[in-house]
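These are the structures, in structure tokens.
Each of the two complexes below includes subunit A, the first together with subunit B, the second together with subunit C.
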Partner chain A sequence: MTLQEIITQLNLTVLTAPHPPARIKPTGGYASDLLSCVMAGAKPGNLWITIQSHINIVAIASLNDLAAIIITENSIPETAVLEKASQQGVTLLGSSENTYQMAGKLWELGIR
Partner chain B sequence: MQTYRSELHVHTVLSPCAGVEMIPPLIVQTALKNGLRLLAVTDHNSSANARAVIEAARGTELSVLPGMELQTREEVHLLCLFDTLQQSEAWQKIVEAALPNLANKPDFFGEQFIVDATGDFLRREERLLLNSTRLTLAEAARHVTALGGLAIPAHVDRPANGLIPLLGLIPPGFAALEISRHLSPAAAREKFPQLREQVLIQNGDVHYQNDFLGTTRLRLEEPTIAEIRLALEGENGRSISIDNLLAQI
Partner chain C sequence: MSNLHELYGRRGRIITDQDAQEISRVEELAYDLKICQVMTSQVKSVPPNISISNVLEILRLGRISGVPVIADGALRGILSIEDIVRAMEKNELGAPVSAYMSREVVSVNGYDPVVKALETFSEYRLGRLPVVDEHHQLVGIITKGDITRGILTALQKDYKEEELRRYRASHLFDDITSDRTSLILRYNIRARDYLNGGQASSYIKRALLRLGASPQLARQCGIAIYESEMNLIIHSDHGGTLRVQIEPHRILMQTTDDGPGIADLTKALTPGWSTATQDVRDMGFGAGMGLVNIRRCVDKMELDSAPGKGTRLLMEILLRPEDRFKEPADPEATL
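Presenting the complex of A and B:
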């Protein structure tokens, strides 16, 4: 399933999309708000679900070559974070749902 | 120039997790007994007991800075240190507006007492202080600096509310980072390579009388934020050094 299909089906807000979402196929998912855990645990191509919106999420996504970050509970990042994400080629998506709900829905879509 | 053995992270009975003995006269007495010359009062998300500790230390060899240990939106703990009560009270107003309005549950979290210089009860803080404010780390650091204060991420090595576990990488712009009592500066830099280029301070994160550490020595002309900044930068003969705890044992 492509990232574009996930965005459509889960009604995600596109905050930054430096790469066309139709060409990205997430390999799985990872959920944590502790960035040190994400650094160690998230695999390349994963979707990362978090409520953290600190600028370091961009660096972590770039470092681990993640497919995108889904920021939950409307925790919209500051403009500087969005700019940095666009520069670094990191896709940021937003949702009003919480991390538990988002992980469940991705699981149901077959992202496992 | 004088050397100030420093403890820039001290809680009082206002912090629900601190011991009941953390009242101003006992804090000052124990600090002096431990050879400290400089102390900062840093309760969780409040500076309401800073005045009382400053008053309790008046006429002694101990200088006291008003401060706070802020919990940011990212759940990072940030030491916010100031020169004057006017500054810390201005900061307090910003924090109060950003703190969720939840009632403290003393049976669960502990009591939050505001006291006078003798340690006598003035009132209870009814709002739960152990919570994240809505301020981001960057916003908080900007506000503190604009007020003339100094913002230092607290116990960056600790899994609970420490900058490194929470945010992985160290955001630029901090004059120093605090390491916990659990490791020496060398061990911290060994464990976290991100710390190699950073200026470190060490505090005991004092919640009980036995927690005073006093390993950080600041060489200053006078105990002010401007002088501490110079010491952290190693400018004009000001300096910072940290005693190796292991060497003391």
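Presenting the complex of A and C:
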């Protein structure tokens, strides 16, 4: 399933999308708000679900080659974060749902 | 800057699938490129008094779908296929252009960014726009096709530039003959500079990719360096330095700071142990996994620290034969 289909089906807000989402196929997911756990646990191409929205999430996604970050509970990042994400080619998505709900829905879509 | 704010303002809203597909590096280019860089400047135009059937012929021969109508040097209107269809329905192909042309011409300026043309296309549901200069003289015409072409050309240029950089860098070790070649990158990391946290790691990762490292190796180094960079930002008194030494067969990474030093090294290396403050933990740091992650990514790790002195962390990754940077086959032969 492509990132674009996920965005549509889960009604995610596209905050920045420097890559064509229609061509990215997430390889799985990882949920945590602890950055070092994400560094250790997330695999390249994964979607990362977190409530963190500060600037350091961008480096985590970029260094780990993550498919996108889904920021939950309407935790909207500041402009500087969006700017940096755009520069580094990191896709940021937003949702009003919490991390648990988001993970469940992705699981149901077959992102496992 | 106002453009940027506009961009992010728009990104902040819920957007449709259509929008989502269009937002990309392409959108950045839509802000960077000027209309005059992508427009067609050899514009065919017609006077208002010729017949519509004549224009039909011009459109057919030029394989275009509309022309600006010019009288006395000024833009008077635009005649498009849609207008011609209206004339056809009434069997009035012999009528002058002025009878069917659209008079309320929406135009764009050549020095506006391409995104302005895109916005105008969707706002007015138009397929082409005349482009005028600051004196309102027609200088070109822009269609969605021109924009697609312009953006593709720019993307290709981006791609070629990166490829070229990568090509040049990847021959670095190959082109230089010495008994021991190494490339040293140094970064000064400031304490509490969360805003730039991960910046040095990103630079290093990019440098490695340009040198021809595999994505997996670049990621592995990126993670180790990120964790050590963040340690300097979070824990050091006055920041520190990050030094990366790239050699054909290995990568040596080292961070050094002048305090406060680690009281208990065994605890520091225990997964989950952290001395980070609550503020830092709220940002998601201080999971107590940093050094543990580093150890996982490198072949050798040496942590040297004492309270009141400072900390030195040495990390080494030995490159597998297939990951090694290319060297001259036989140094003697090239001397």
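What we mean here is this: the second predicted complex is superposed on the first by the 112 of 112 C-alpha atoms of A that agree within 3 Å, B and C clash if a C-alpha of one lies under 4 Å from a C-alpha of the other, contacts with A are read in each partner's own complex, and residues count from 1 in each chain.
Simple rule for what comes next: contacts are C-beta pairs under 8 Å (C-beta built on N, C-alpha and C of every residue); 3 or more make two chains touch, one makes a residue touch a chain.
Being a predicted model, the structure only gives us computed values, none of them experimental.
A.B. asks: What is the contact status of A:K105 with respect to subunit B (first) and subunit C (second): first, second, both, or neither?
C.D. replies: Neither partner.
A.B. asks: In the superposed model, does subunit B or subunit C contact more residues of subunit A?
C.D. replies: More residues of subunit A are touched by C.
A.B. asks: Is A:I55 touching anything from subunit B or subunit C once the two structures are fitted on A? First, second, both or neither.
C.D. replies: both
A.B. asks: Considering only touches as defined above, state whether A:L35 meets subunit B (first), subunit C (second), both or neither.
C.D. replies: After superposition on chain A, A:L35 lies in contact with both partners, subunit B and subunit C.
A.B. asks: Return the residues of subunit A at which the contacts from subunit B and from subunit C coincide.
C.D. replies: 33-37, 39, 52, 54-56, 59-60, 80.
A.B. asks: For the complex, give me every residue of subunit A touching subunit C.
C.D. replies: Touch list, subunit A to subunit C: 4, 7-8, 11, 13-22, 33-37, 39-40, 44, 50, 52, 54-60, 62-65, 76, 79-80, 82-83, 86, 88-89.
A.B. asks: Considering the complex alone, what residue numbers of subunit B touch subunit A?
C.D. replies: So the residues of subunit B touching subunit A come out as 74-75, 136-138, 164-169, 171.
A.B. asks: Spell out the part of subunit A that touches subunit B in their complex, as residue ranges.
C.D. replies: For subunit A paired with subunit B, touching residues are 33-39, 52-56, 59-60, 78, 80.
A.B. asks: Where on subunit C does subunit A make contact in their complex?
C.D. replies: The touching residues are 4-5, 8, 11-15, 17, 19-21, 23-25, 28, 194-195, 197-199, 201-202, 205, 215, 219, 222-223, 226-227, 230, 283-285, 287-290, 292-293, 296.
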